[in-house]
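Next come two complexes built around subunit A: one with subunit B, the other with subunit C.
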Partner chain A sequence: MEANGGDVARIRSELKSLKAAKSDIETRISGLEAQLRDLTLLNASTVSNGSVTGDSSCNHELSPDMIYRYSRHLLLPSFGVQGQSNILKSSILVIGAGGLGSPALLYLAASGVGRLGVVDHDIVELNNMHRQVIHTESFIGQPKVKSAATACRSINSMIKIVEHQVALRTSNALEILNQYDIIVDATDNAPSRYMISDCCVVLGKPLVSGAALGLEGQLTVYNYNGGPCYRCLFPTPPPTTACQRCADSGVLGIVPGIIGCLQALEAIKIASAIGEPLSGRMLLFDALSARIRTVKIRGRSLDCEVCGENAAFTQKQFRDFDYERFTQSRLSTAPSKLNLLPAESRISSRELMEKIVKGEPYVLVDVRPEHHFRIVSLPNAVNIPLSSLEARLPEISCALNKEGITDSEKGANLYVVCRRGNDSQRAVQILHSKGFTSARDITGGLEAWARDVDPKFPTY
Partner chain B sequence: MQLTLEFGGGLELLCDSVKIHNVNVNPENGAAKLIMKDLLAWVRANLIKERPEMFMKGDSVRPGILVLVNDCDWELSGQLDTTLEEKDNVVFISTLHGG
Partner chain C sequence: MDVTEVKAENADSQSSKKESVKIKVLFFARARDIVGLPSMPLEVSSGSTASDCLNKLVALFPGLEELRGCMVLAVNEEYTTESAIIKEEDELAIIPPISGG
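Right after this comes the complex of A and B.
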């Protein structure tokens, strides 16, 4: 065992010093790459001025390297030199380097967008990897913007990649979006979507908007050539309960991948001025039935509060607008933390552990949906999903009796757990109203259990 | 009147997770035609199994739901007053925000 422990310590220390050396080398590499990029761009513009090319005659600004790199684009009769030249001169901002932004950024970089910006303030996590394919394991724990920019640069060193490692807010959105011709909304929440659309209207920028959840995706282009904006379609925000998040409802990794690719396509069409952008239409993708349908949506609404006839939505109004209040939800995707119960109706995961160790009888009800319970659960927990709790109260009485906990205690030693400690509070409110007046919830749910009691307990 | 109703973007969860419903709905009380307002009331009474507030608000659908009649936004056909015809396809889709 001791020898084993020594090995572990040695490996850890070696890893630590190797990682430090690696980080140092990476910094030097990106410095050199930046230098090289600037020199290449300089050369490219010199060559395209014509004098060096001598006998070859071309009336465009593509350097020999560019002609070779983008040759398959140039060979497309409907795209050709003009389409590629337009892309090379364009600037596109992708907001969000997640499930949608990953493929969008990869294709936009590969296709030669002259200046490609990326906004994100998150860091790369292990549970991103199944869909956020721009990131690699070695970037776990590092900013997504840095990871995405590195990937884009390794695909195409001839373009300029701009890193915006910030949370997009009304205070900085105008300044950032204004630097680009086309905006790609690859975010994951309702207030961001309203904020980005309004900002695009104020600045007069076309917006390529994509969304994905579960096994479905949606795509459209807003504020393009007299077409509708997001608010024309959705003047009133949906109730917060209708705004599901991938972190709660799940998402098949490839679904945002497909929508993100389509977003890149729409952005490329607008940038190169070819084809018909998806404005005034919406593409609906259903992965399970393998169906893509494109439907006609309303045009610009004359009554729209932001882009309508009499709308006077100014930059100042945009800066002062409270999108979190408007949508009743957070701009960041951090899960909400409810506080519905008094302290005496709650128990920490540590306290519960102590009671279990002491051998006190208890009944533990796990109110998560059944498919969550199947991922992982605490020993001895009974799964009664919140949605069916009221109908299954007799099961709880029965379990309490079996543990020898008498009715007079009205549910003493009855504990409720969920994933994060929100639904468990709602469940305890129901239990209290139904006579189980001593029921308590486990503060912070299974996430707190994993953090404070059993670090080996899986989280998801 | 034979209609195909489809629910998407999570709305199918309100009707037993079934996305496509082939239904037969007729105008009531001797009315000559069936309009979307009637259909919404019918859907709420016959297909929505839970949380009706996630589908409707007042007479209409809740904010954040797009209604498409034959692949066309119902805003373009008269919204609640849209007249339905035999074999029409009506889609109710909740807007997604995830990514």
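Right after this comes the complex of A and C.
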């Protein structure tokens, strides 16, 4: 067994050094490729400008390589040389290289969008892989922008990919979005959606907006040819309770995949000037019933605070606007950390572990929803979801009695846990008000337990 | 759609004699979570507006109140306002925005 352990350690260390070397080589390769690409692009443009006396008799700017690469597009009667030429000259910015952005970027790169920008400030994580299909396992821990750009370049080395490895904010949005013809909103939160829509109105850019959650998706083209903007439809932001995130509510991987593909399609239609963009209409995708509905939505609102008749929403106002305050939620997807309880009503996961090791009697209530509890739970935890806590208090009294915990200190050694330590605080507030005055929550929830006590404890 | 429209026309001629109208309500995104159903039938008194229907739905599912100010309302797949009169066999869709991705 010991020899085995030695082997494992040796293999791990060799893997580590090989991976480091591989990453170094990959960086050098992509650097050289970028240099080469810029040089060939430069040459191509000087050649095409210099010698118009070429022997092929075509009155467009497609090189033989381009004709071959995009031949199936060129063969489409309604698309043809004109459509492809338009795409090659266009520039599209995809904001977010996640579930929506992954397929959107892949198809836009493959279609030959002349200049394709990617904005994201996140890094690739293992729990992204089920839906963010542009990233590969070898990029885990690296910036999403770098991973996405590498994938796009490996599909199409003839286009220019621009990496914006930044968090989009009012301070940089105008400058970044202004460099592109069409904007694709592939973000995952409400404040970003308002910010991007407003920025598109200020700059006069069409916006292809997609969203997906659970088993549903939505798609609309905003601010296109006098059509409505996001605020025309949703002048008041949804309450924070209604703003769900994939990280909390879950999402079937393929759902953003489908919406992201449709976003690429709408962006291509606008770029190539073919067809009828999804402006003034909203496409609703329902994965469970395999139903797609297109609902006619309102036109531009004359009273819209950003694009309306009397609106005076300037670049300066945009820069000064506080989108996090407006929507009462964060621009970054990092979950908020509440602090509702005094220190004496909280316990760290390490302290709890010590008490368990000492053999102190305790009752541990896990207030996560039942389907979360089924993923993983602590031993001896009782699952009473927060939503049904008040109705199920007798179960807690019963469990306390069973552990021989007396009523003198009501709820002593009663601990409450959830995923991240927010709902557990809400639960403790309820318990305190119902007489369990010594109940305490486990700070940081199961995530803290996994980080500080048991690194093998699964996180999700 | 075609079928729905034909039905709606047939129903139109009778609706004046009726005391109430029966419609179908479609729930999307957060509204679907709150209600727990993708759709449900609803009976309202004839002459009711979309707003009346919403009031009735909020009474049945109080959680819907939070969405009241932030949703697209559509009747038979076309944008509508809360003041629109609802007719027999109409399909009223409640569409809050999704922001995930």
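Note that in this section the second predicted complex is superposed on the first by the 443 of 460 C-alpha atoms of A that agree within 3 Å, B and C clash if a C-alpha of one lies under 4 Å from a C-alpha of the other, contacts with A are read in each partner's own complex, and residues count from 1 in each chain.
As a convention for this text, a residue touches a chain if its C-beta (ideal position, glycine included) is under 8 Å from a C-beta of that chain, and two chains touch if they have at least 3 such contacts.
Given the structure is predicted, the values throughout are model-derived calculations rather than measurements.
*Asks:* Using the superposition on subunit A, tell me whether subunit B and subunit C clash or fit.
*Replies:* They clash.
*Asks:* Go through the superposed model and pick first if A:L75 touches only subunit B, second if only subunit C, both, or neither.
*Replies:* neither
*Asks:* Using the superposition on chain A described above, determine whether A:L284 touches subunit B (first), subunit C (second), both, or neither.
*Replies:* both
*Asks:* Touch test for A:N189: subunit B only (first), subunit C only (second), both, or neither?
*Replies:* Both partners.
*Asks:* Identify the partner contact of A:P239: answer first if only subunit B is touched, second if only subunit C is, both if each is, neither if none is.
*Replies:* both
*Asks:* After overlaying the two complexes on chain A, where does the subunit B footprint on subunit A coincide with the subunit C footprint?
*Replies:* Of subunit A, residues 96, 98-101, 186-190, 193, 210-214, 216-218, 233-234, 236-239, 241-246, 249, 251, 256, 259, 282, 284, 286, 289, 293-298 contact subunit B in one complex and subunit C in the other.
*Asks:* For a test of understanding, state which residues of subunit A touch subunit B in their complex under the given definition.
*Replies:* 96, 98-101, 186-190, 193, 210-214, 216-218, 233-239, 241-246, 249, 251, 256, 259, 282, 284, 286, 289, 293-298, 387
*Asks:* For subunit A, which residues count as touching subunit C in their complex?
*Replies:* 96, 98-101, 186-190, 193, 210-214, 216-218, 233-234, 236-239, 241-246, 249, 251, 256, 259, 282, 284, 286, 288-289, 293-298
*Asks:* Along subunit B, where are the residues that touch subunit A in the complex?
*Replies:* Subunit B reaches subunit A through residues 8-10, 19, 50, 53-54, 62-66, 68, 71-73, 75-76, 91, 93-99.
*Asks:* What residues on subunit C touch subunit A, complex-wise?
*Replies:* Those in contact with subunit A are residues 28-30, 32-33, 38, 66-67, 69-70, 72, 74, 77-79, 93, 95-101.
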